[in-house]
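First chain written, first letter: the chains are A, B, C and D, and each begins at residue 1.
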């Protein structure tokens, strides 16, 4: 592997853009949520303030090595997803390392951070962490079922697993987007994205007020900063994934920002309306309508 | 009754004895009576054996005054079944003695001659 | 009732089977080859006037040996099973006997014994033989025991007679292999004059042993059964 | 040479002379009797030797100096000498065994004993039908005498039933004989044969009577209640004689008179035989008394022999070989078992648990059980093989199926019994004395079984090439069993290493496919053996059985023909059975493993038999050219192999068997053993690749594989027992392998191979680690552990790597499999099956998280505060495997590229292309090495970032957590582990309800209830038994003669 420093620089730059856009997006979502609830909400720069504060806290504790590694895994998962995701279509510099692997790599790399985080939180020994993790894992299994069907459907549709190629196939007009060429797969995927982003009604992993904040309960200070950093990156990257698969990708950063915002907003919007599920309801829900949509998508191939 | 010869009569007698013996074996509950059933069965067989060796109008296969020494082949009945029946009778005797001994022993142990009382081993 | 009718049906089935077996039987009018050979050549080959004896002792001598063995086995089993354990209380009730029986038996028993011996010694000449003679001897014993229930019969004597005569029988057989044409071969001894006591090769000798042996074995069985009567 | 007539003379002379001895001389009289028995044995053995080595011709012995038919003649030929030798040896050994009883009971019993064998000898030699009757009577009466050896009421009443039943039977025989004399005019069997009496009116009935009487002597089901009672009541030493010697003679007699009956007899005998075989074994299922169970088994075996005789027209010149193999196994094994019963002296089979206090006796019992069921290397194995092959060649499929079903049922109760002996509680059982004179005969017959088995094997050309040297090595290890474990461990490792050294290089050169499997088997074997150093003491019996399994596995790989393959397969099954049953609570699981394995093996046997039908060859290549019944054959073989891969429906044995096994056994039977099924499947699919029927079968197989993956993983998620969790996980993983193979594409097969290699490595890592942890903490239950990361960091890292690999998370090697699978599924077009497989893959996270977090994370339990790191002997193999795993993850092309070349031979199209480290398929791409580097570098950078920022983090003690300022109560209440997926269970648990277990239990209940109902015909009433006999005669007569 020849190290191309120019490419590395642009990759890092892209990471920074994604991080900051992610922070801003989370602030916007919270703001929108507050306004819907007739509250004033936070200032738009609040996430940056929180981040700096977290990184700067001096008193810290650790429960052990795995506890320590948990956030590293988590952030590696987020950054790794970013690294393997082509961001802006048509640009050699903004496709990161996506040529090293395909859609399957992305799908499975999601677990890298989740698993590490689960283990780190586990070592903390906090009961609520365990509850959160068990819920998260349970819910995730069925989220992935319609998602898998949708991914198979579009992989077959485009005869490729390469994300860049999938985006390329959707170029040349809005009607070439998967959302129009394969609406059922898109519908299935967009329902599972609700679970992936973890907003209400599927927010039982962190479940505020119920199990303090679930897995990261024990994390604080720098660890929390790392987790926040990751959350910002991950939300954007996941939105970008859906954008790439179903909404024609993005040829510019602006397009990326708009599309990712809308995709993320979709989950926030649903979260405003519905109350939280219990775990068995959540698990079962994904095996109903989203699953049927996914099956239709496959049958229609 | 031309064909009701001596040997046929004895043969039928033997068969009937065999059947009576089996009937006794299968229906009588008393051990001694079962043994008697067996002896009847056995005796019936012996009679059958002898009748099979009989040759019409001939005498026992012993060469004495009644048999012409030069024409033995045409004057005596078949000696083989007679020899066999001798053996069979002795065997039957031994078996019967054994049965009675076992019955005696069983009676000594349990004071009962009912075969239904000896069902300890089953299935 | 169901059971009895089932047995009845089975019996009918068995009767049909036997009927099938003998349906063609209409008596013999002639000897078959085997029997004819025995009848014609028997006197010459074996030298026994009683053809049945010739068949029993010589031609089918192995059967006879087996027969003796069966009686021996039966006697051994009876004696094993009914052996009175040493030290067991012997409070058996004895049947009462009558004066007439007692007296008659004193006269009759030796005669019966003698008759038995006569029967087996003349087995190759006249009807009878070792088995018949042995049985007659044993019947004498029955009479004796009926008359004198308390009489103890010597088991040792019985065993001794049994064993010696048995071994002799076997030895005669083996001698046939060694000195004549085969096991239990009759020609071990000269055939002698047809129709006399000292004729027919080893048949009389064998029959003597058979008679003694059968007599001893049956006596053994009877004695054992007798001793177990009314045993508490 | 000493003439056969002296057998009679000696026996009679001895019997008659014994009367001279007094009770005080009982030792002398016993020696006298023993000498007679020995002499009889010597005479028969001498003749056997002459027939085998000196082209001795069959001789006729005339008695009385006349030729037959005028006198009785005896015959001595090869067959006579074989049977005589067998019977007399058993007699001699039985006499030695019965030393105490015979001595105590006096000379009468000795007389009876000698005369029984004299009777049996003459019965075999005689050519005169009436003489046959006389000596059969001698044998019966002597048997009746021996039955009452202990004079108990049960023995006496059984003796009465016996004598009256045989009395009736010999009466029937006598009627038949006299009628035959009437029709034939002769009693000489050779003359009678020439006359074809069966075509004479009435003559046929006469022949029938003789035939049915001889058959009744052999105790056909159901007219055999009297015999069962005898087996139960008689002294086991006598039972042995009846079962082994008398029954052998009976079989010989049947064979002797069969020519009189002519060809029409075969059908009757075959039918009677198979009914007896099935009926007797079925009723044996419900039996819990040892002696009676042996009786059922004896009668069943005789039924099998009758079947074989009945099938003579189809077996041709193989009949003798087959009958001999079955008979000798039956006679020796049954005699041995009866004798053991006399030693153990326990009425109920559960009481046999006492036997394992004496390991030698347990080994002997195992020998007999395996010989009876027909495992290699016993004669019955080769006999059964030939039997099944010949039946298939003659298209006797129903017979074939019935024989296998009967054998299977017999296996059920024999192995249940053996399981009791190995595992049932034996603390409260009484001690039993061991006497040398009782053990020696048992040992001799066992040794005889091995020896004769070896020579039987040589008689079949396909079996003659089997390499017995490894088996001899095992015998040596067995002989060294008294040594401490570490010595045997070293020897075993050296043995396997040498074995690897001799065979692996050649495979590497020539056959990559077999290379992979042989490496998994042998190198895996060595690695798991290293863990064996952690065990103290002697570990009795462990090394021989483990090596048997490995040798069996290698035999499967090396097999060039079907017989060799099956030999290895059965060897492997036997070895793994013993490994599994070593676990503390493994009795039921080992039985269920054995039953599924045996059922599977019989299906494979049937499949092989049908496959080679009409091809005149047993080479593995015959599978290439299956034409008739292809669907059935492929299905049979496939289901057979799927029992070993624990595919859905056939998987219920696995969780218990793997979960309860010892710590270093679990990886053996999971990571290594399961691959045997995979190998079988691969061989089958390679061979039948072009077969039109394969298409539909693999379609079903694909669904099965995917659903197995789902159910296995889901089941794992709900386990609380760490090892069972891993066991269920194996079911799921094997489901993937089956699924991959079923796709029958290049990528599908590469997926399967990748999973095979991966599963070997990570399942070995996980099972070894968890097993080692279990050894330290003393429980399998995960909720009783927790927080062990602090105590066992090496174990934690191993499990961490294991679960990352298993879950398929990049960059470890599990992802290789997932990626290939996705590509394969999409290219194959199996979308739904693929989706199920992925769903299963994600469920894997549930159980993997549960596994690692419940054990290593969370709160340390108070009673584990002093546990140590897992044993170094486990760490060594674990970390060797981890290195292998890492290499496979970083450089997958090292293995996948040559694998691709192999797979391309069978599936040339649509492969995986390699460009350096970059793998591409028509639709996807992936660079394993680079991804590993990227992830590694990124991880290190971020770690550094965190370390820099939080360098002052302070280590806190347990319980210092965010808990509303309170202190949690106990580790047990704080560590959330028990049933953590309760919600998930509520939603999806219905999928893993024990439907399949219930199904098999239901089947088992039906069979057992049937047996329980049918066996009521054995009412114990002697009269009923008589009625059975008469009814049997009448029914058989009317069924066959009208």
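As a working rule, a contact is a pair of C-beta atoms (placed from the backbone, for glycine too) under 8 Å apart; a residue touches a chain by one contact, two chains touch by 3 or more.
Because the structure is predicted, anything quoted here is derived from the model rather than measured.
Ranked by the number of C-beta pairs in contact, the top chain pair here is A-D.
For the pair chain C and chain D, the distance between mean C-alpha positions equals 54 Å.
Inter-chain spacing, taken between the CA centroids of chain B and chain D, is 51 Å. Between chain A and chain C, the centres computed from C-alpha atoms are 107 Å apart.
Inter-chain spacing, taken between the CA centroids of chain A and chain B, is 100 Å.
Residue positions 18, 22, 26, 52, 80, 84, 87, 91, 94-95, 98, 102, 105 of chain B each touch two or more of the other chains.
Residue positions of chain C touching 2 or more other chains, listed in rising order: 7, 10, 14, 18, 22, 25, 32, 34-35, 38, 59-60, 63, 66-67, 70, 73-74, 77, 81.
Shared contact sites, meaning residues of chain A that touch two or more other chains, are absent.
Contact between chains, as defined at the top, is found for A-D, B-C, B-D, C-D. Looking at the complex, you find that chain D touches chain A at residues 787, 789-790, 793, 796, 800, 803-804, 807-810, 815, 818-819, 822-823, 825-826, 829, 831-832, 834-835, 838-839, 842-843, 845-846, 848-850, 852-853, 856-859, 922-927, 929-931, 933-935, 938-939, 942-943, 945-946, 949-950, 952-956, 958-963, 968, 974-977, 980-981, 983-984, 986-988. Across the interface of their complex, chain B is touched by residues 4, 7, 10-11, 14-15, 18-19, 22, 25-32, 34-36, 38-40, 42-43, 49-52, 54-56, 59-60, 63-64, 66-67, 70-71, 73-74, 77-78, 81-82, 126-127, 129, 131, 195, 214, 221, 224-225, 228, 231 of chain C.
The touching residues of chain D, counted against chain B in their complex, run 130, 134, 137, 141, 144-145, 148, 151, 153-154, 156-160, 163-164, 167-168, 170-171, 174-175, 177-179, 181-182, 187, 225, 228-229, 232-233, 286-287, 292, 1015-1016, 1018-1023, 1026-1027, 1030.
Residues 6-7, 10, 13-14, 17-18, 20-25, 32-35, 37-38, 45, 58-63, 65-67, 69-70, 72-74, 76-77, 79-81, 83, 159-160, 162-163, 166-167, 169-171, 173-174, 176-177, 180-187 of chain C are the ones that touch chain D when the two sit in their complex.
In the complex of the two chains, the chain A residues touching chain D come out as 1, 55, 58-66, 68-69, 71-73, 75-76, 79-80, 83-84, 97, 99-105, 108-109, 111-112, 114-115, 118-119, 122-127, 130-131, 133-135, 137-138, 140-142, 144-145, 148-149, 152-153, 155-156, 159-162, 212, 217-218, 221-223, 225-226, 278-281, 283-284, 287, 294-295, 298, 301.
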